[in-house]
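All chains are identified by letter, namely A, B, C and D, in their written order; residue positions are counted from 1 within each chain.
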Amino acid sequence: MSSNFFIQKAKEIQIVIDANAPEIEKLDQEIGDGDHIFNVQRGIKLVIELESTIKDLTASKALSQIAMKVLSGIGGSSGALFGTLFMTMAKGNGIDEGIDYKKAIEIFAQGVEAVKQRGKADVGEKTMMDVLIPVSNCLKKGVEENKNKNEILSEAIDIAEKGMLSTKDLLATKGRASFLGERAKGHIDPGARSSQLMIKTVCESVLNS
Amino acid sequence: MSSNFFIQKAKEIQIVIDANAPEIEKLDQEIGDGDHIFNVQRGIKLVIELESTIKDLTASKALSQIAMKVLSGIGGSSGALFGTLFMTMAKGNGIDEGIDYKKAIEIFAQGVEAVKQRGKADVGEKTMMDVLIPVSNCLKKGVEENKNKNEILSEAIDIAEKGMLSTKDLLATKGRASFLGERAKGHIDPGARSSQLMIKTVCESVLNS
Amino acid sequence: MKKFMNTADNFLKESLQGFGAAHKDIVNCYYDPNFITRASPTKDGKVALISGGGSGHEPMHGGLVGHGMLDAACPGYVFSSPTPDQMLAAAEKVDSGAGVIFIVKNYSGDVMNFEMAAEMMSGPNASVLTNDDVAVEDSSFTTGRRGVAATVVVEKIVGSLAEAGGSLEECKKLGDKVNKNSGSMGVALTSCSVPAAGKPNFEIGDDEMEFGVGIHGEPGRRRDKIKSAQEVTSELLEAINEDLKPEKNEEILLFVNGMGGTPLTELYLIFDNAKNVLDKKNIKISRSLVGNYCTSLEMQGVSITLTKLDEELVKHWDSSVLTAAMRWGM
Amino acid sequence: MKKFMNTADNFLKESLQGFGAAHKDIVNCYYDPNFITRASPTKDGKVALISGGGSGHEPMHGGLVGHGMLDAACPGYVFSSPTPDQMLAAAEKVDSGAGVIFIVKNYSGDVMNFEMAAEMMSGPNASVLTNDDVAVEDSSFTTGRRGVAATVVVEKIVGSLAEAGGSLEECKKLGDKVNKNSGSMGVALTSCSVPAAGKPNFEIGDDEMEFGVGIHGEPGRRRDKIKSAQEVTSELLEAINEDLKPEKNEEILLFVNGMGGTPLTELYLIFDNAKNVLDKKNIKISRSLVGNYCTSLEMQGVSITLTKLDEELVKHWDSSVLTAAMRWGM
């Protein structure tokens, strides 16, 4: 995995997010403040603009630059959280010696753990953690159980979708939707939806490669 | 004519103005600022509320109280103009010795003359003067020509209506509608309409008495 | 129409009461007839400034009563000019013997009612008539142009001179000068509703704006499709400059005024866009004012006022002022 | 959506530029990362106050930068909290060695971004978290309550203490106290549109209001049919009083805040109606503030904030302040 890989995935994510933008926008309007889609789109655009800047950098330096862009370019809850995810991944042990899918899963799991600490949210609180934590767990377990890569990725795609859908009937206890009490029920969490789409895009792209 | 007469006429006017309120409101919204109907309705209401206060007063004193109410209660252009009309009429010579229709016409004409001076508008400027001046002239002429009362009043009703209708195609050069230039064309002047309705009501009422 | 109100009849009264209670250190409110004075009496020998007009333009004029500006304001019903008894009562309270300046916006209702008050008054008085709205063609055969946001500037500057001991004549002269040095024009994105009417004063499409709108929602020069802020600003300034003809390197006050429902962010954006235009023309923004000062109820709209400045005007603009809506130096 | 703007992308930048140009005597604006500081540097040894949050709430916070209030403000994109690099750059500029107080409204985005900045900072710092919105149930298991208009009061009072030489610890303590002494609740008549979205954040019927609305148009306690101003005011105060439990004869600050599209007249009317309620309960309005301070773009709405006062708070409320949006005593 190189800086080129990151930019390619960002471009693929951009296509998927743009295609689902109206839905994501609506979700944050319903139980948030309506900015989530713009935050995410801005972040992706800024990352893609890094292409030439990071093209000859090591993975750690490239990820670190991506992390700073995400952190400084997105804003809001998702900016802090996605920023934390990438900042942690950039600090992953030995990533400059090459990132295979196992390494990728390892640093992703570390990133999700950091996000969990930053946001103090766990599964069941109607946030992106309902996607990130189960996916991270599923990926780790797949590696532990020595499943093959494609199997692991397919499972992750399913788990992400389940996690995203699970947010619908939850009461929110973290994030902006928590202010709504019962009124948040019946709506999918926007951050869960955008995270799920990103995970799906990357997993499918790697699956088919 | 006594204070009782004034109050009775005010009550009759109130019924007619209320019935035509939506139209008058719309006229001032189209070429003015939309308050004319409320100004007029407030004025009429305040005059009617004077009933017990003025019931034993002489005509001049009663008219003078009415004039003060109109002046202080209406506001806007129409408040100053109708106020001037009544203030002048209240000062009419010898009105406490009785007001027959000739006297009434005399003081009305004096009032209109004062209104004309106050507003500096003449016939053809798309204001209430397009009603008041022709009516005043017609009434004076009728008396001069010794026409009978009913004939004079019927003519006045016609003249008022014609004057009011004439404002439709005029360019406004006085009042708020003057700010509109060409865009004021095609709309009847609200003050012309309310004045015409009041004149019609009083004339018809006296005709039938 | 959506408003925080109880009944249309009580709208003005309750609002005045709240204003009086919230600013009792600055103003006193009187009722029947309605007028607002400074909390402390006009000092002896100071010319008294009285303004007034229909309500719905707040903070103008009540919010401009206080040290360095007005001595009294007479609020009429919403969009209806006040009546002579209000002005007489106000004058009686604040005239300290040096006379009264009436600051009157050029609308026939305001002009006639203030004129009647002036005629009924015994003491010395003079009137300054504001007519800064360049959207309307000026002509001696008609009512002429409307008085709009420059009235705030006139009140500030004349208020300062009066505070400094200017005579009735000097105040009148300075007021006329500020008015002559000022030009304004406005544009509306939405309409406004008079409480008693309960519905918008005019209809306007979702993609339309009224260019040259008056502060009562009177139609302006034309109905346009909505344009970008920079285009709108350029066109407003063009119309004003055509009339005011500021010289190169001339110093001006740039006043971006909201019509009541326009958020500050947008007013500052217009200020920025106006600066682009003026910078290019080498007209120097020497003083600035941005905010909702001369409003039209809840209308979303903006007006731009330019006032050409000289040393005298700058001095009186900068001097201390303490009112509910404008305050500096104290 | 009707707004004066050019492109959604440039909305914030142009507005900031206009703000900076219109108030260059009071503030400096910096870009990439965006932040606003006082025009004159923080004096040595004075604790620096930094606040920030999503844009769309103007004049909060940029309009509150200046003597006696904030040293710097970090505006995020519209309704999106600012990012750590903004806070770090601002802190770098204004920290005079005595440390930095971050004033943060309780939203997870703001909290996390300010937290990250605080962690990355080398110098001493502390945060005051405001959470005055009683519309939301407080609970330690959740994010808790939103920070809304009382943030303005916190900034004024802590700003005064910092100006008077208060230490980092004292400022933090006083900020927490003001927040604890305050309760707010809002109601909206109309929605608001994020420029990038181009359409309203929520739909609301012509006869409806959102009771307990958040300052980003987040849904509140319930959707109601529009009620009279007196009923709305009474219900807002009831909710606040239930939480704040002011004593009989307690002195309070009554702050009637507009949400951006509400004309002053209506805010004063609400002030009057609130006074009716408080007078009956023998709660004493000792200080007052009325205006659009903590807004939600062009939303027509109002919030009421009560702050229980004591001698210390009154002293710091009354002290001189010179910012674009709040100014007295100088």
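Heads up, the rule we're going with is that a contact is a pair of C-beta atoms (placed from the backbone, for glycine too) under 8 Å apart; a residue touches a chain by one contact, two chains touch by 3 or more.
The structure presented is a predicted model; accordingly, all values stated were derived computationally and were not measured.
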{"item": "Starting at chain A, fewest touch steps before arriving at chain B", "value": "3"}
{"item": "Most distant chain from chain D by Cα centroid", "value": "B"}
{"item": "Whole-Å gap between the CA centroids of chain A and chain D", "value": "32"}
{"item": "Chain B-chain D separation of Cα centroids, rounded to whole Å", "value": "54"}
{"item": "Cα-centroid distance, chain C relative to chain D, in whole angstrom", "value": "29"}
{"item": "Residues of chain A engaged with two or more neighbouring chains", "value": "none"}
{"item": "Chain D, residues touching no fewer than two other chains", "value": "none"}
{"item": "Topology of the chain contact graph, where touching chains are joined (line, ring, star, complete, other)", "value": "line"}
{"item": "Every chain pair in contact, whichever chains are involved", "value": "A-D, B-C, C-D"}
{"item": "Chain C contact footprint on chain B (complex, rising order)", "value": "25, 29, 31-35, 38-39, 42, 68, 71-81, 83-84, 118-119, 172-176, 178-181, 183"}
{"item": "Contact set on chain D toward chain C in their complex", "value": "2-6, 11, 14-19, 21-23, 55-56, 58-59, 63, 189-190, 206, 209, 226, 228-230, 232, 254, 256, 260-273, 275, 285, 288-290, 292, 295, 297-298, 300, 302, 327-330"}
{"item": "Chain A partner contacts - residues on chain D that touch it in the complex", "value": "33, 54, 76-86, 107-109, 112-113, 115-116, 133, 135-137, 141-143, 145-146, 194, 196-197, 201-202, 214, 216-219"}
